[in-house]
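In the two complexes below, subunit A is the common chain; its partner is subunit B in one and subunit C in the other.
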Partner chain A sequence: MDAKMVFLILTFSISVLGMLAFVVALIQKQVLVPASAAKSIFGPNELGHSEPDSKGRMGDQWRALDQSAKVPILFFIVSSTLWLVLGSIFGLFASLKLHTPEFLGTQALLTFGKVRTLHLNIITYGWLSPAALGVAMWLVPRLTKVPLQNVRTLFSAGIIWNIGVVLGCIGILLGVTDGLEWLEFWWPIDILLAVAGAMVAIPLFKTVYLSKEKHLYVTMWYTICALIWFPVLFVIANTHFLHSGVQQAIANWWFAHNVLGLWVTPLGLGIIYYLLPKIIGHPIASYQLSLFGFWGLALFYSQVGMHHLLGGPIPTWLGNLSVVMSAGMAIPVITVAINHHVSTYKHFHVLKDSVVLRFIVFGAMSYTISSLQGSLHSLRTFNYITHFTHWTVSHAHLGLYGFTTMVLFGGIYFALPRLVGRNFKSPQLLNLHFWVASLGIIIYAVSLGIGGWLQGEELRNIHGSFEQSMKLTVPYLVIRSIGGTLMLLSHLLMLYNVISILRSEKGEVVK
Partner chain B sequence: MNFKQDRLENEKNDPLESSSLRYINIPIVLIALFVGFGVTYLTLRTQDTSLGLGDSRTVPSSNAANNSDSTSETKDPNDFAVLMDKGKRVYTTTCQACHQATGAGVPNAFPPLAESEWVNGPPKQLVAIILHGLQGEIHVKGQKFQGIMPAFKGQLTSEDIAAVSTYVRNSFGNKMDLVPIEMVDQLKEETQSRTLLWNGETELKAQNWE
Partner chain C sequence: MNKAYIFVFGGISTITLSIFLFVLAPRIQVAVIDKEAVSAQTPYTENELRGRQSYIENGCVYCHSQQVRDPVAGADQHFGWGRPSLPSDYIYDKPHLLGTMRTGPDLSNIGSRQPSRDWHHLHLYDPRSLVEWSIMPGFPFMYDVVVSVESPKEGAIRIPGKTDHWIIPKEEAEDLVSYMMSLKRDREPMKASEVAQ
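Here is the complex of A and B:
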């Protein structure tokens, strides 16, 4: 038999059998999960009581752990917030240029090719990665009951990472790039990011090694594996001499899609799995199912990226495999969704008291929607319409903004008062941030989704013209810019919130 | 030691225990559905194509593309052998994806060419379909089809169309005369203003193809 056919069958059956084996092991109780695992995130007297923002109840047991790496975590959070504002300004420029090409049209440094690329790289490497790392690393002491180790290494990692992002962005402005989407940073600069990533892993693994918990909570599984997967992806994809031609495109999209699925998504899901039950005051609906969701992601995700190249000159079997695996992602997604939504549904009233929970629940809902949407439009039938249209952009923002960014907002707002030991002076501004941001992303995703679909229909219309398929998107692009403006406004609010809690001395002290 | 204790704890009638395996039947159902989908998809989608090649391309079409035009120019362009040779290459690159290498088409999707009354009918009618495409209902060998065939007038030259018409009228068990290039040119002239696809068999039957 053809060697490729063997590979195809093996990849498919190993993933399926792996998942099946894990479910059977769970049912047979061969996976040793202590009965108290799901409750391990609660301190004494915390179980059964919701944790509204207004009374940031912080017992002494958490205070020492929360502040064990105060300086580096604050550095991660503040630097990423600044990148977020800068990145969304570039995003708005790119959006405006699509329907008003004259906008900044005479500025050579601010042409579409540069602002769009800057937007993508700043948001991915400047905002999402360090913000997710900051919140996830802040949770590590809480989940291991050990203060974070090697705090200085973490701080240096944050500084090196940010230097890398600054240099990478200057490179993009000057036109010094690797010329591959998601991998634009010039490769010598990527070494800085790789080194910084490895340096974040040191405090993580050292703390986990000293852990006082017999069982690692599901959040830790996601965080640990994200920090193993990302360096592998990043180093292989940036070793450019390894791939050329079609292989290069394959390696490119393998990386680009896995950045979402094996880096940002696990960190975001980990944060949801901690904060959702924690704020509600009850363990997640089914802890065993959450472990299954983790392994499903681990077994399926790596093959998914090739659906970006459907219709291109990649081998047919590779596209087919990717379509099947993308559809298979529905399995972990549905199990994760059940856990999130059943847990929320029973305690919906807590949303009234906690803005952080609103961010988290919005993120969990977006994760379900955008993931199922992703499984659907990787099928060739849908891909035929949506490929090469704004639909893809809408989907990417639903995932990276509606899900990850909203969860990170929640995570940062949960962590900040406990890090600095003061409450926010004006919690109404947090609430305003939530509403402006969620309104923004809903307008954004819906308008661009509809516009993209119509664009795809017109592109396939044999009596239509390419020009017509462009023209019909203009009103949707204008609405998208409105959504984008709201998102940028909400980020300015967030910047104000972060600065104000850091500067206020008089703010209410958390007890 | 710790593990043993946990295990014993698990097996007690702990109220949490009963709930911790809640919803565990859902992944089993999902996995079963996925196996069904995956096996079907991979089997149906991966047959008939050489796995190492790109999407929708087949071995002969790539070979044909590589061999490019090398037929001798001294021969009469309307020579039967020349038209058949060129027609075969046009067929593999342009027509075969839908009508298949055997000319048998795909049931309910793409009509057969082998022993088709439309292919073996008036030559002008066949050329007209290739030139302007076809949309809507058409009966071929007693089977009803409802699909779209794009127009090829922008993509194929008169010589290409004459060649491929000759080829399909003399392959897959069909045995008819050759289609001269001049006939394609003439029909192009007559239908110059046409921009629409032929509207199914009703419009085709209403024309005079003599």
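Here is the complex of A and C:
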């Protein structure tokens, strides 16, 4: 029997055994969680009181846990903020070049193809991943009631990860890449990222092992699984000798969608699941529902990738499978939506006081919208219009910016004061950041959504022409640049906010 | 015991199932398809491969797809982009360059559609000199420009609208255009049994 068959049988049996074990666990009631576990995130006297953005007396009981891994968490947050600014500068360059090709001239190093690739990779591996890890790992001690273990390992992981991103970007500039979208970093450099990702898992699992909580809170489910999924995905997708031709395209988009669905999304959702109830001071609407949401995501999201290749030269069954799974995503999305939005709706007034909550709620709403949008445009009728167009780019930003990035902004603004033991000097700048960023992403997503849709209609029009499909997008591309400029401005504000809270004033008591 | 193991096992089994469906099964199926149909493609030459590399480095794939859809899905064939793509069209492609954006036209059969090397060179040098509405970036760094009344060198191309400006393609440009010329995915693939006859 050849190696392929052995692999085939092996993976099939592991997954079937896993499913069986899961069913058995279900029957034995191992899986269901008591609703009381939803209250475990509140300390004494916290339940029923909304938590202000600023660090107050209320938060003091958490101080030892919050600051148990101060240095590495700060490193993750600050480095990712710098990447965010750099990445959005490249994004804006790419955007301007799309409607004004002569912008910045025609140097080899700043051609659209390089600028766009730098944007995507810096944003994904420089900003989203480390920022999400920083906030998610900061929450781990709060959720296990144990100080974070192996703090040094976490710090080294952060450093190795960042070295990887720097080298990867240099590679892109010099043309040393793997040539696959989302996997451009040259494979030897990917080893650094894979190792760093696995190193982050060590403190996580060690802390979970020592956990004093009887039941793990939802956030932990998402964080644990994300840290299992990412290294597996990343290593398999980057083992290039396994892949070629059409099959490589399939593996490529399998990875590209999973890096969103099984990495960035679970980390982001976990953060919402913690901060939303915490700030409004009431547990999540239905704790059992969150269980469905979680397992639905694990099962469905891992199989949606082929909607990126519908109509292309891939086996039909594979496309159909992804269409079904993409539609199925509506189930976990709606359950998560009920949980988030019902909780918000009941305590809407807290939004008036908490900027952090505004970020989180904006993120939760974008998650619902962009996910339902995703289920819809995976259906063939819709996909035939939106495929190959700027609609996809609009959708990507609604998901990764409107949802993940906004949630991370909120998470960072919540964590920083509690991490450094000091409050923001000018909280109104946080509010300004929120409004500028929101306006920016709304302009971005709406304009490109409309432009992309019209472009797609034209690409289907047998009496039309390619020329028409391109020309009509230009005004929308211009509006996108306006939205993008606002987003970049808001990131500069954020950089200022982060730097200002880190610089302690003379005479101020640092606790 | 905090039941973390349920999530660890559950997470591992869902990802394994997904690997099975999306990495291993297609690998086997596509290999079978490739065996049955002899590709209409020929292996890339060394020049073409170097051109392919500069196609990757300059990010052409972020604007150009190389996959033609079925007529139900789009007007691809009306735009002259050729027949729907087949897995066997890509057996020499590594890394694959299928692409998922059509900011520019599909290039599956650009070698048949636009057979003039000079056109490609002028277009790469400055797309807007040929296609005034284009938003494609120019790649003038792949060319030397010479001012001369006579042709300065074999292979030099006069810039349209100017009497004395010529571009001389550097090796990178020649390779890239050779790669463009090699893209002819409009021929029908043959069954292995037909080839044998």
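As a working rule, the second predicted complex is superposed on the first by the 463 of 511 C-alpha atoms of A that agree within 3 Å, B and C clash if a C-alpha of one lies under 4 Å from a C-alpha of the other, contacts with A are read in each partner's own complex, and residues count from 1 in each chain.
Rule of thumb we're sticking to: a contact is a pair of C-beta atoms (placed from the backbone, for glycine too) under 8 Å apart; a residue touches a chain by one contact, two chains touch by 3 or more.
Note that this is a predicted model, so its numbers are computed, not measured.
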Practice task
Go through the superposed model and pick first if A:Val6 touches only subunit B, second if only subunit C, both, or neither.
Solution key: neither
Practice task
Report for A:Thr392: first if it touches subunit B alone, second if subunit C alone, otherwise both or neither.
Solution key: second
Practice task
Give one of first, second, both or neither to describe whether A:Pro101 is in contact with subunit B, with subunit C, with both, or with none.
Solution key: second
Problem - subunit B versus subunit C as contact partner of A:Lys214, first or second or both or neither - result: both
Exercise for the section: Mind working out whether A:Gly312 is in touch with subunit B, subunit C, both or neither, as first, second, both or neither? Expected result: both
Exercise for the section: Examine A:Ile170 and indicate which partner it touches, taking first as subunit B and second as subunit C; both and neither are also allowed. Expected result: neither
Problem - If touched residues of subunit A are counted for subunit B and for subunit C, the larger one - result: C
Exercise for the section: Answer with first, second, both or neither: which of subunit B and subunit C does A:Asn320 touch in the superposed model? Expected result: first
Exercise for the section: Identify the partner contact of A:Ile462: answer first if only subunit B is touched, second if only subunit C is, both if each is, neither if none is. Expected result: both
Problem - First (subunit B), second (subunit C), both or neither touched by A:Asn258 - result: second
Fill in the blank from the handout: After superposition on chain A, the subunit A residues reached by both subunit B and subunit C are 4, 8, 12, 19, 214, 310-315, 321, 462
Handout entry: In the complex with subunit B, residue positions of subunit A that touch it
Key = 2, 4-5, 8-9, 12, 16, 19-20, 23, 26-27, 29, 32-36, 38-39, 214, 285-289, 292, 296, 310-317, 319-321, 323-324, 327-328, 330-331, 334-335, 338, 342, 462-463
Completion exercise
subunit C residues touching subunit A in their complex are 2-4, 6-31, 34, 53-54, 56-63, 65, 67, 69-70, 72-75, 78-79, 84-87, 89-98, 100-105, 127-128, 133-141
Exercise for the section: Going by the contact rule at the top, pick out the subunit B residues touching subunit A in the complex. Expected result: 2-3, 6-7, 9-11, 14, 16-17, 19-24, 26-28, 30-31, 34-35, 37-38, 41-42, 45-46, 49, 51-56, 133, 148, 150, 196-197
Handout entry: Parts of subunit A lying in touch with subunit C, wherever the complex brings them together
Key = 4, 7-8, 11-12, 14-15, 17-19, 21-22, 25, 30-31, 97-99, 101, 106-108, 111-114, 116-117, 175, 177-181, 208-209, 211, 213-216, 220-221, 224-225, 228-229, 232-233, 236, 240, 242-254, 258, 262, 295, 298-299, 302-303, 305-306, 308-315, 318, 321, 380, 384, 387-390, 392, 459-462, 464-467, 469-471, 473-474
